[in-house]
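What follows is a set of structures for review.
One chain, chain A, appears in both complexes that follow, with chain B as partner in the first and chain C in the second.
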Partner chain A sequence: MSKMRKAGRVGLGIAAATALLIGAGAAQAKDALKIGVPTDLSGTYADLGNQVIRAVEFAVWEANEAGGVDGRKVEYRSLDTEAKPDNARRQTEKLVREGYPVILGLIASGEGLAIAPMMARWDGLYISTINKSDKLTGDSCEDRVFRVNTQSAMDAMTIEPWLKQREEKKWAVVAVDIAWGRGSSEAFAATAEGAGKTMVGQFFIPSNTNDFAPYIQQVKDSGADGIWVVLAGRDAINFAQQAKQFGLIDSITVAGQSFTTDNTVKALGDVAKGIFGIINYSSTLDTAENKAFVAAWRTKYDADPTNFEGETYLGMQVLFQAVQKSGSIAPADLGKALSGGEFDTILGKLKMRAEDHQLLSPNYFGKVDEFDGALRPVITMTATPDQVTPPVSCSM
Partner chain B sequence: MSGNPTSLTAPAGGRDSGPLSRNWRLLTAAAVAVAAGIAAPHVISSVLWISLLTQAVVDMIFATSVGLLVRQNGRISFGQAAFFGLGGYIFAVSIAREIATPELAIILAVVLPTLIAFLLGLIIARIPGVAHAMLTLAVGQAFYEVVFKWRELANGDDGMSVALPRTLFGFDSGMLQTPGSMLPIVWTILVMILVGFTLMARSPFGQLTEAIRENDERAQFIGYTTTLPRAVIYGASAFVAAVAGLLQTLYNGYISPDMFHWSLSGMALIMAIVGGPKIIWGPALGAFILFFFKDVAGDATEYWPALVGIMLIVVTLLLPEGFAGLAERTDVPLRRLRKGRAS
Partner chain C sequence: MLIQVLNGVVYGGLLYLLAVGLVLIFGLREIVNFAHGALFMLGSYIGFSIAAIFDFWLGLAGAIVAMTLVGLCLDAGVLRPLRKHDHMVTVLVTFGILLVLETFATAVWGKAFRSMQPPELLSGTVELFGEPFPVYRLFVIAVSLCVAGGLTVWLRHSRIGLYVRASSVDPTTTGILGVDTDRLSLLVVGLGTGLAGMSGVIAAPLMALSPTMGNFILIESFIVVVVGGLGSFSGAFIAALLIGQIHNMGAVYLPWASTLLPFLLMVCVLIWRPTGIAGGKG
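Right, the complex of A and B next:
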C-alpha cells in the first residue's frame, strides 16, 4: 500500500516535471519543419520508394541529432502512391492539408506532373528528386515546383560524347510507356541523330509488364546495334533477365537511364555486367562532402548509399538550406529562397536556376563493372554542370 | 413501361401508410439531408476532412450506380468504370482540345455515356451470368486500352491536368475546386440521385424491372418486353457513373486512365456489396465506410489492401446484406416499437 502511494507520488512528480518541460519547450521552440513524402511503396517502383524513405529518414535523423534545422525539429510522414498519378494527387493533397506542405519523393514523372499545378492552390511546395521528364521544369513548370535531380535532356547531353565515339550505327529505344519513357526516348533520339546515328525503332512498354519476350523479339527484328533502355525498378530487373535469356544483352550494346542502378545491379548480378548507363550519383564520388555523407551513412546502415538515396539526400540538403536562409517554413518563403539560390551539396556547390527551377548539377556516365570485389555501376566519365546545362523552355 | 402496372405497385410489406405519405417522408428526409450537407463545411473545421468527405461522396455516387444495376437488373458489372472514365474524359478532352464550350462539354459528358450504355445494354442485357460479367469487363477494358495507348488524346498513362474556365454556367468555377463549396454540391447531387432512384423503384417501371430481375421468362410470359427496361437501367446507371466521373474531374482538375481500369469497377462493386445493394442507399453507405476504412488502414500500414480484403471477407460472411441490411434489420424492431406506442 505504502509502496503504491510512493509510486504514485513519484509518478505525479514526473508528470509535473514533464508538463513543465513541455511548457518550456513550447515557449521556445519554433514550429517544426514538416515534410510530406508521397512515394511508391507497393508498385513497380517500390524499390525506389524504399530508397527515398531511407534517405529522408537518414537526413531527418541527422538534422535532429544536430539540433534541428534553423532551430526547428524536422518531421516527415510518408504515404503510398503506388506510382499512380491519381493516387499521388490524392495522397499529396492529404499530406499538405495535414500540415506537411513540403513535398518530396514522388517517383514517376507523371506523378510529379499531376501534382505540380496544384501546389499553389494547396499552398505547398514540391521538390523533385527522381522525376526525369523535361516538362516538369519545361513547358509544365510551376512557381512552387523545383527539381534537384537531372532531367532527361541533361542525361542525353551527358551521353552525347560517348555516343559520338561509339561505332554502333543503328539504335533503338526500349522505354516504359509513361511521361518519363516518352521524354527520355525523345531526348535520346535527338542526341543520337545529332551524333550521326540512325534510329531504327522506339518500343514503348506499359509499366509493370511481366513478359518482355514480344518486345525483345521486336528489338532483334529492328536490326539495332545498340539500345537505350528506359526502365526502372521491377521492370528493369524483369527486362534485363529476359533480355539475357533471349541473347539480346550479349549480342548488342546496351545503355540506359535509371536502368542499371546500384540496387538493380545487386539483384541482377552477372547479367548486368558490361551494361552502360547514366549515373546520377555514386557513393564512390571523391569529394569531401560526399565522403562525409557516405561515412555517416555507413555507421547508421552498414551499407553504402545508393544512387536514389544520394539524390534524395541531396534534395533534403537543399531544402534544409532554404529553411536556414529564409528562416521560415512557409512554402512561399521557401520557394523564394530556393529560386536562384546556391546550395552546398554532396555534389559540390550548385545553383538552382531561377528561370525554370532546375538545379544545375554535374552528371556521370559509366558501366557496370567489378569495384572492390563487387559488381556496381562504375563512373567512367564526368560532365560538369556547364557541359550539361539544359536550355530554358519554361515561362512562369 | 407499358401494360397494366397495378398488380405490381402494391407496396411490399403492407405498411400502414400509403404511397403518398411515403413520398412525403422521403422528401422530408432528403430536405434534412441536403440542409445537413450545406451546414457541414461550417461545422467541420478541418479542410482535410472536408476534402476527404468530398472525395468520399463522389465515390458514394459511383457506388450507387453499380448498386442500381445489381438492385434493378440483378446484374453484376465489372466495367462500370468505363462510364465513370467517359464522364471525366469527355469533359476534359472536349475543353482541352476546344471541341465544345465548357457548358456543352459538361452536358456531353453525362449524355454520351448514358446513350452508349443504353445501346450496349440492348445487347448485353440479353446475356446472363458469367458471360455477362466477362462482357462488361471486356467493354470496360477496351475503353481503358484506348485511353492508355492513345497518348495524343490525353497523355496516356500519365493523365492530363484540366484547367477549368473561369466561369461555368455563370458561376465561379473556383467553387468546384474548393472543398468547402464543393462538398454541398456533390452531396446535394447524391441526395437527388438517391431520391430519384427511390421514386423510380416505387414506380410501376421500377417494379417491372424488379419483376424482370426475379424472373425474366415469367415477365415475358405476362406480356412485357424485358430487354428495353433492362437497357434503360443500364443507361440510368451509366448516367450516374458519368456524373461521378465528371464531378471528380471538376474537383481534381485531372484525368488519368485509372478512371477506366477494371480494378476501379471492382472497387465500386466491393463498395456496393459492403453496403448492401438490396437497399438503395446501401452502396453509398458501403462507399463511405470503405473510403474511410481505406484511409485509416493506409495510415496504419502499407499492407492496407490486406485489411480491406479481411474486412470484405468478414462482411460477406457475417453481413450478407451489407451494413445497410444490418441497419435495416435493427430498424424494424424499433419501428414496431414505435408503432406499438403510437396505437
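Right, the complex of A and C next:
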C-alpha cells in the first residue's frame, strides 16, 4: 500500500516537473518561422525546382545551426506545382492553410502572377526569387508580394550596352509561350530597337516542346544574325541541342535569359560554348559575403552553388533579416519590414524599393567559356544597381 | 517548305518508334501500357551510360538488349499473372511501374538534366533543298522506316507474325487452335519494350534526359495509337506521319494552336471513325 502511494507520489512529481518544463519551454521558444516552397519538381523546370529546394534546405540548415532566426526555429515544406499556374495556386493555398504563410520558390512568372492577388486574402507573403515578368512588381503589383531577383526590364537594361556595340543588325526572339517569354521578348525588342537594331521575328514556343525543328527553320528563314533565347530547363537543353545540329548556334550570335545557366551548361557541354547571356548570380563573384557563402556551401555539398541556388539563398537572407528586424513572423509585419528596407546579401547591401517591392540589385552579363578547366557562364560585364534600376509602374 | 515537311517526317518517325511498341503490347495483352514512357526513359539512360564509356552504337545495342530483358520480365512477372483480372487493374499496375521506374532513375542518375551527343559519324549536316540539314535527323527517318518495314515483313510473312496478328484479333480462338499465346505475348512484350528502349536512345541526342522525360512524349504517342486505331500497326505508321506533319505545319502556320491540333485531329478521327484510321478492333 505504502509502495503504491510512494509510486503515486513519484508519478505526481514527474507530472508536475514535466508541466513546469513545458511551461518554461513555451515561455522561452518563439513560434517557428515556417516557409512554404511550392516549386516545379516534375515539369519542364524540375531542374530549377531542385536547385530551389537545395538552397532553401541549405539556408534553413545554416540558420538552425546558428540557433535559429531571432530565436526561432526555421522550417519549410515543399509541394510540386509542375510550373503550372493553376497548380501553383492550389498548392500555395494548401501550404498557407497548413501554416506555412511565407511563400518562396515559384519558378514560372505565370505562377507568381496567379498567387499574387491571393496573398492578402490568405494572409500570406510571397517573395519571388526567380519570376522574371515585369508585371509582378509592375501593373500587377501587390502589397504582399516582393521580388529579390531581377525582372526582365533590368535584364534588358543590362544587355543594352552590349547590344549597342554588336555589329549584328537583324535580331529575332525565340521564347517560351508563357508570361515570362512574352514579357522578356517585349523588353528585348524595345531595347534592340532602341539600340538601332531591326526585329525580324518573334517565335513563341509552347513549354515542354520535344521538337524545335520547325522553329529553328523559321529562325533561319527570318535572316536574323542574332537571337535572344528565352527558354529554360528542359526547353533550353532541347533547343540548344537541336539548334547546334542544324548549325544555327555556329552561324549566328546567340544570347539569352536564364538560357545558359550553370546547370544547363553542365548538361550541354561544348554545345553551349560561346553563347552569351544574362548572369543573375555566379559563384565566382569576388565579394567577401559571396566567398563566405560559397565556402560554406562547398563544405556541405562539395560543389559550387548554381545561379538559381544563389538567387534563392539571397531570398532567404532577405527574409531572415526581415524576421530579425520586425521580431515577428506575421506576414503583415514581415511585409512592413521588407518594404523600403536595406539588406545584407551575397550581392552586397541592397535596397528593397518601397514603391514596387523590387530589390534593386546589380546584374551581370557574360559568355559560356572555359573557367578553371570547366565550361561555365563567365561574367564579362557588371551593371551596378543604379545602371539597371527599372522605372516604377506600380500603384499599390 | 520542303524542309519543314522533312522535319515533320523526322518527328513522326520518332513518334512511330515509341507508338509501335504500345500497339504491339496492346494487341497481345489488350492493355494500355502507362509505363511505356518510363521504359523509353530507362532506355535513354541505359544508352547514355553505356555511350559515356564506349560509344553511341554500343549504347544503342545495349539499351535494346537490356530493355528487351526488362520487357520479358514485365510480361512474365506482371502482365501474365494479371491477365485474368480486369484490364483496369493491369493499367493501374503499369501506372505504378511508371512511378517506380521514375524513382529508380532519380536514385541512379539524379534529377539533373543530362544530354547525349549524336555519334561522330552522324553529326554534321548535309545540303538538302539548298539548306544544311542534320545527318542525325536523316538517320532517325531511316531507323523508323527500317523498323516499319521489318515489322511489316515479319507480321505478314512469318508464321509467328501470323500468330501475332491472329492473337491480336481473337486471343481465345487463337489459343484454342493450338498457339501458345503466353509465349507469344512474352515475345511481343519483349519486342515492344525493346523498341521503347531503342526509341529512347534514338531520341536522346534530340532531347534532355530526365526521369520524367517519358511523360512529355507519351501523350503524343497515345494520340498516334488512338488515331491509327488501337492495335493497328499500319494505322500507327500513318497516324505518326500525320501527327508529325500536323505538329510541324501547326508550328509554322498556326503557332497559337499548335499544341491543340493533334488533339483536334484525334477528336475528328474518333467522330468520323471511332475505331481509328486503320480500323482495328471495335
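Just so it is clear, the second predicted complex is superposed on the first by the 370 of 396 C-alpha atoms of A that agree within 3 Å, B and C clash if a C-alpha of one lies under 4 Å from a C-alpha of the other, contacts with A are read in each partner's own complex, and residues count from 1 in each chain.
Everything that follows uses one rule, which is that a contact is a pair of C-beta atoms (placed from the backbone, for glycine too) under 8 Å apart; a residue touches a chain by one contact, two chains touch by 3 or more.
Please read these numbers as outputs of a predicted model, since none were measured by experiment.
Asker: Based on the superposed arrangement around chain A, label chain B with chain C as either clash or fit.
Answerer: clash
Asker: Of the two partner chains, chain B (first) and chain C (second), which one does A:182 touch, if any: first, second, both, or neither?
Answerer: First partner only, chain B.
Asker: With both complexes superposed on chain A, which partner does A:42 reach: first (chain B), second (chain C), both or neither?
Answerer: Touch partners of A:42: chain B and chain C.
Asker: Let me test your reading of the model: by the given contact rule, A:64 touches which partner, first (chain B), second (chain C), both or neither?
Answerer: Neither: A:64 stays clear of chain B and chain C.
Asker: After the superposition on A, what does A:206 contact: first (chain B), second (chain C), both or neither?
Answerer: Both partners.
Asker: Regarding the shared-chain residue A:85, is it in contact with chain B (first), chain C (second), both, or neither?
Answerer: Once the two structures are laid over each other on A, A:85 reaches chain B alone.
Asker: For A:268 in the superposed arrangement: first (chain B), second (chain C), both or neither?
Answerer: second
Asker: Taking the superposition as given, does A:233 touch the first partner, chain B, the second, chain C, both, or neither?
Answerer: second
Asker: Taking the two structures together, which residues of chain A meet both chain B and chain C?
Answerer: 42, 206
Asker: Sort out for me which residues of chain B touch chain A in the complex.
Answerer: So the residues of chain B in touch with chain A come to 46-48, 51-52, 55, 148, 151, 155-159, 161, 163, 177, 252-254, 256, 258-259, 298-299, 302, 304-305.
Asker: Under the stated contact criterion, what part of chain A meets chain B in this complex?
Answerer: So the residues of chain A touching chain B come out as 41-42, 79-80, 84-87, 89-90, 93-94, 97-98, 108-110, 113-114, 116-118, 121, 177-179, 182, 206-207.
Asker: Give the list of chain A residues in touch with chain C in this complex.
Answerer: Contacts found on chain A: 42-43, 46-47, 50, 203-206, 208, 210-211, 213-215, 217-218, 220, 233-234, 237-238, 241-242, 245-247, 263-264, 266-269, 271.
Asker: Chain A touches which residues of chain C in the complex?
Answerer: My answer: residues 3-4, 7-8, 10-11, 14, 111-115, 117-118, 123, 125, 131-134, 136-137, 203, 205-208, 210, 212-213, 215-217, 220, 247-248, 251-252, 255, 258-259.
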